[in-house]
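Just so it is clear, A, B, C, D, E and F label the chains in written order, and each chain counts residues from 1 on its own.
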Amino acid sequence: MVEFNDALLKSGVLIEALTYIRRFHGATFVIKYGGNAISDSDEKDALVSFAKDVVTLSSVGIRVVVVHGGGPQIGEMLGRLGIASQFVGGLRVTDSATLEVARMVLLGKINPEIVGAINQLAPVAVGLSGGDAGLINVSAAGGDLGFVGQVESVDPQLLLKLLNEGLIPVVATVALDDSGQAYNINADTVAGAIAGALRAEKLIYLTNVEGIYSNYPDLSSLIRRTDSVELAKLLGSPSIADGMIPKLKSCLGALEVGVGSAHILDGRLEHSLLLEIFTDYGIGTMVVK
Amino acid sequence: MVEFNDALLKSGVLIEALTYIRRFHGATFVIKYGGNAISDSDEKDALVSFAKDVVTLSSVGIRVVVVHGGGPQIGEMLGRLGIASQFVGGLRVTDSATLEVARMVLLGKINPEIVGAINQLAPVAVGLSGGDAGLINVSAAGGDLGFVGQVESVDPQLLLKLLNEGLIPVVATVALDDSGQAYNINADTVAGAIAGALRAEKLIYLTNVEGIYSNYPDLSSLIRRTDSVELAKLLGSPSIADGMIPKLKSCLGALEVGVGSAHILDGRLEHSLLLEIFTDYGIGTMVVK
Amino acid sequence: MVEFNDALLKSGVLIEALTYIRRFHGATFVIKYGGNAISDSDEKDALVSFAKDVVTLSSVGIRVVVVHGGGPQIGEMLGRLGIASQFVGGLRVTDSATLEVARMVLLGKINPEIVGAINQLAPVAVGLSGGDAGLINVSAAGGDLGFVGQVESVDPQLLLKLLNEGLIPVVATVALDDSGQAYNINADTVAGAIAGALRAEKLIYLTNVEGIYSNYPDLSSLIRRTDSVELAKLLGSPSIADGMIPKLKSCLGALEVGVGSAHILDGRLEHSLLLEIFTDYGIGTMVVK
Amino acid sequence: MVEFNDALLKSGVLIEALTYIRRFHGATFVIKYGGNAISDSDEKDALVSFAKDVVTLSSVGIRVVVVHGGGPQIGEMLGRLGIASQFVGGLRVTDSATLEVARMVLLGKINPEIVGAINQLAPVAVGLSGGDAGLINVSAAGGDLGFVGQVESVDPQLLLKLLNEGLIPVVATVALDDSGQAYNINADTVAGAIAGALRAEKLIYLTNVEGIYSNYPDLSSLIRRTDSVELAKLLGSPSIADGMIPKLKSCLGALEVGVGSAHILDGRLEHSLLLEIFTDYGIGTMVVK
Amino acid sequence: MVEFNDALLKSGVLIEALTYIRRFHGATFVIKYGGNAISDSDEKDALVSFAKDVVTLSSVGIRVVVVHGGGPQIGEMLGRLGIASQFVGGLRVTDSATLEVARMVLLGKINPEIVGAINQLAPVAVGLSGGDAGLINVSAAGGDLGFVGQVESVDPQLLLKLLNEGLIPVVATVALDDSGQAYNINADTVAGAIAGALRAEKLIYLTNVEGIYSNYPDLSSLIRRTDSVELAKLLGSPSIADGMIPKLKSCLGALEVGVGSAHILDGRLEHSLLLEIFTDYGIGTMVVK
Amino acid sequence: MVEFNDALLKSGVLIEALTYIRRFHGATFVIKYGGNAISDSDEKDALVSFAKDVVTLSSVGIRVVVVHGGGPQIGEMLGRLGIASQFVGGLRVTDSATLEVARMVLLGKINPEIVGAINQLAPVAVGLSGGDAGLINVSAAGGDLGFVGQVESVDPQLLLKLLNEGLIPVVATVALDDSGQAYNINADTVAGAIAGALRAEKLIYLTNVEGIYSNYPDLSSLIRRTDSVELAKLLGSPSIADGMIPKLKSCLGALEVGVGSAHILDGRLEHSLLLEIFTDYGIGTMVVK
């Protein structure tokens, strides 16, 4: 009796999932794997779980690009090296010494850890920075922030070549300006810009919240599905935390240029990626145009 | 609380299924859709459910060939036309008039019904007979059975061409001998021969039993997984019904020439194909070499 | 002396024929093989001769599609099953029982006979119905004719795939509407619609008359070559028999959408296909735009 | 009545010819167009007729290479320039001045005339010498013949490239040795060597006789079809004229390395090429292995 | 010390040359190899040096077409054959006898010598005339010049096919009119027309002067680089010799239809081709649009 | 006068260089860009010069892979972080903290600097580590050296994919073992292993010496060209410095598995790469098998 119910339930999940697998075969997903997600406790397990989901997506024919930042780890290494930071409007000023550390941590520590976790399962991840083969061109973001860059353009050729070979690019958010000067850039913004340049089917932010709330902190106000118009209205409301703003702006920008949908998920929940992508009900917030 | 369990359970089914989807991408499955399965009550619903499963398999990159017979329907049409049948050793003698009816029913009634049910969902099925483009070459099976044929050879070129185009061949088991004479052939045998010629990953019999039993009619003796050696031992035992014998012999033959595994499933259980293929535990009997 | 004349004559035929072979290499011909042609006496011989011509055309690089009906044989089988027919305006009303028989006869009897005759010479024919892979979409022709369909659209993809593989599709004129309901359709109309969808070089009707007469029954008034304008004028005249009307309308429609020429030939004359195609003078009536 | 016989006769020629057209589609024929054929009266008409046949063969998918010599015309130009010739064993000694004239006549007079005649019908002929792109490598034939060469090797790459583009190479029989020195070579031998290097289906000599006679000058002893063994026996007999010997030796050599058949035809008979190739009975002598 | 300077100098030349090699990879150069260049003393050495340069260009990925005339050699052969020439306005009238000689000399003497010289180094040259595969279509130039042709059109297909195979076409300037009549054509004009039809990167004239002078015979007035406008002004000035006029007009015409640049070089200076193409300063006169 | 000599000299260098450019078109060069070369004074200029040479090689069709280490910079960063090092047999023990720093410096500092310098000229460089897509598999080198790895295998697929796209992989010598643990590896060894896996035409070490000396410190004993046998003899002699030993052993290993030649050059001399590759005399030491 139990077994029969089990069969019914399994076939239900299967039929549901297979619909999405079919629909997304060959589609491109850009996934922002957040600094916060990495820095929470149980980091190692979360990374392994994330790697499993990414390899699974790739193995059923989805073209995955991972974008990551690394704020907390940069701060930690600056501390170890005794490099003090100035802050302007709550943002860290990135002088030459800070930039050197940021680049070392992003390219030399976080990126190879994500690449390594994926490649333990299947040797398909390739670490990249925005400086590789002209991938991201930046300029100074301005203000007094120093070497904090803003995206001028994304040349998706290198990503397309690697995706066509069945590989998973993992992009660290350091890039160069026209003079060859390196800059650190906000990873949420980079993810949106890459999704736009690739006309991705999905732009997914893995965060440490369940999604977007219409009336935070009322957890029952979690929004399952919304659209650009509604999201734009929410942007000014107190329900949206500061850290969420670049994500939501990037979502809107990406939807504007043709990305199919944007998602805010809780990266701490195991397999949240699969549950969001392969079930009707999903697990976080989905935004469509 | 309930939702969390639900998520866990769903992600469990997903992870399990995705493993198989990945493994079987590009693999070929030959599925015998049985006369018995068709003739049972709720025939129409069962056919629609079967068509859904077949289209789903195809849409996740599995190359599916369907083979069907049609004993009961042939008998019915012979009755309507007042054509009496002789039986030898329990088998119907196929004289010229009987053959004409068998061909009409298989090619002109059952085959277009299966093709039509699939094409209602996605226009990918193509009806074939063994006489198309030299697909199956037969000779007289002998005895006094008349135009009952035995498979001499299978030329898989036509199937490969259609599979390469993303189409689903649906094969009715009528074929020609060297002189152009038509014969009716046992569909279980044809399914095994085609699976062998295609070096299929799976040969699947959809029947009206749950699988093979080691000690029939003790239903708790259902065998989940066995191998050629054990199956060969079982073949002579009273636990194997007469109608099952051509299936099991075809399984053994197909495994011998390189087919990956053979399966006996209950076609009456909705989505039994998906449950057998995409879950660890399966639903029927799986035979490996 | 005789031999020299022979050489001159042979080289004359050769030079003439080679011109057409060169011109038609890679061209597509849609040939309607008529119910009347099949049902005349010496049917078997005529079918073998037709099969030879078709294989010859294919072997010199012409892409051939055969379309067939089967009115007389359907009537015969209805009689054997004791199914009475109603007639409206001289046309048989196709109720559910009649449709079942029509489909069985077309797909299960006539189609495999034509396919078998060709495949005896070279295994290149593949039997199709309009329901295969979405080939023909129909709707009810209306009136009180029941399941008599009219062509809504032809999707030539399946034909093109088979032609590209060097195969000869043989199409029986049963097809499905959007709801999956089967219909019988006039084979002359189907041939014209397929020729149009394929932008065929030639649409050829094999009939039991020599061609079109400007003043029937004066046999000396046989028209060798005419054009759409002249043909349209003839359509209302008493010189055109009722059975010829759907053919001629289909010719006009096909020429309208880009088919190169349409031909009415006597299928009873051995090798009439070759004589029409490969000689300057031809053998029947050719209509150009 | 007459017309019916005409149809029968035409369809007979057609069926016969179509068999050969089918068989030779994509096959390579090397045709030696003889100096004697060119120098006979009505030269211009014969060349036009030859060009028509060659273009016709090419247009039905046969890959044609033409090889030509030009003995008589070289002699004439030597006379005009007042260059006397020495003869050794009946062969003209080719000193430096003679070679210069031979090359001018072959490459600058005969070759462009043949190329021009073909290109008047279809712009597909390309004039070549053995010195182009390393086509033919020669060495001195020895004796006291001066710059008379013997074929060391044929590199068919250039021919294959042109044939693959649907072009007809017309080869003049001048070639270079390893030091870059030019030589004149016997055209019959070159034709055989090229046929061998291309593994041609046919090597055809157009001459001014009807074929090979078993008992010359008894014209009734013309051999229609023979094989290597019989031909080798004939080689020493008085029935074989001196001028025929290099042809027959080249035939034997070509058959030895895999050429399908060799033919000796009368180039003076209009369309003899077509009659030999596309009729069962042929017109000259065919030699098989 | 010497060696260090040597290294500096070598690396300077290398860096300079590599820039051009990179830029011209895959580009097409049409090189007119002049009658005068060939007829000067040391002819053989000059031809070998020219062949080396051409093979070198080809080997670094430049697609080279050589065009040549042969005025002096034609005159010499006419003399040997005692064929007197009439002159109209300083130009030789080309009657039928003269044309025959011109064709023999161009196709049968000069062309194979150039082809042979190149093929001694690498077997990549193929001799062509304008009559091959419809390469050049001409009409009578008019006046009373007889068979002197003017270019009506160039069909670059044959050249493109050979260039795509890595071969070097060497074109003799004889071509046919629509009726198949041969004509001799000015080689400077042909070179320009071919460069235009190929949208060549460069059109290069190898002559027996260093380049264009603004104030001939003042050798210090050699122009290194100029443009169409300036060149057009110069055309009427006494500084331009008569023999240079067709070259300069062809340069202007070629630049007009998209050729990148035109060059007038001294073909007598060893490796002048390489020095012009691969150094910043060049060696002759370069004209751009 | 001066100019004429200049032309002669330039054409001499050109002819010499073009020979090598032709020969190496499509060939693969693996270039070890040494830690010492980077750390010398005028580092920035040297890197720009190196980048120019690499881009130049790539632009003339040579497939370049750059491998780099970074010993001095790792030492400096360890110092800044106050991490003391133990030494065993003169080699630094790499504990977990040291490895973290090594990885950060190699992947996050040196690699992006090299990549950035190249991409300033042309956006073709892509930074890689041995952990990307399974490029290098290592195991512990053993002794008490901790996370110092030795190469187990190189999978050249990722390199080949990037090279096929015209990109220049720049490889930092960090890699993973089967358990996913990272290791630092000797860059000289990695360069040799990659050259071997790619069957490279050349393996080039850019160092801070002019080449190999047969009798160091006698600078006049610089070896221009030698072979494996002679090099093996030299290996034990006092003329070979310790730091040179892994290079020479890697040279021998690479030559053994099919690399065409190995080179030791002075990376401090501007354009030493071009001078070694494109001149007959070269600039450093070349070792052939």
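The criterion applied here is as follows: contacts are C-beta pairs under 8 Å (C-beta built on N, C-alpha and C of every residue); 3 or more make two chains touch, one makes a residue touch a chain.
These are the chains along with the protein names UniProt gives them: A, B, C, D, E, F = Acetylglutamate kinase.
Quick caveat, the model's predicted, so the values are computed rather than measured.
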Hop count on the shortest chain-contact route linking subunit A and subunit E comes to 2
Just going by residue numbers, which of C-D, A-F or E-F has an interface where over half the contact pairs are the same as at B-C? A-F
Chain centres from averaged Cα atoms put subunit D and subunit E apart, in whole Å, by 35
Determine the centre-to-centre distance between subunit A and subunit B, using the mean Cα coordinates as centres, and give it in whole Å. 46
Where the CA atoms of subunit B average out and where those of subunit F average out, how many Å apart are those spots? 60
Quick one: which residues in subunit A touch 2 or more of the other chains? none
Which of line, ring, star, complete and other names the graph you get from chains that touch? ring
What's the ring order, kicking off at subunit D and moving to subunit E? D, E, F, A, B, C
For subunit C, which residues are in contact with subunit B within the complex? 80-81, 100, 103-109, 111-112, 115-117, 119-120, 123-129, 131-134, 155, 158, 161-162, 165, 167, 174, 176, 180, 182
Hey, which residues of subunit A end up touching subunit B in the complex? 7, 9-11, 13-15, 17-18, 21-22, 25, 52, 56, 59-61, 269-271, 274-275, 278-279, 283
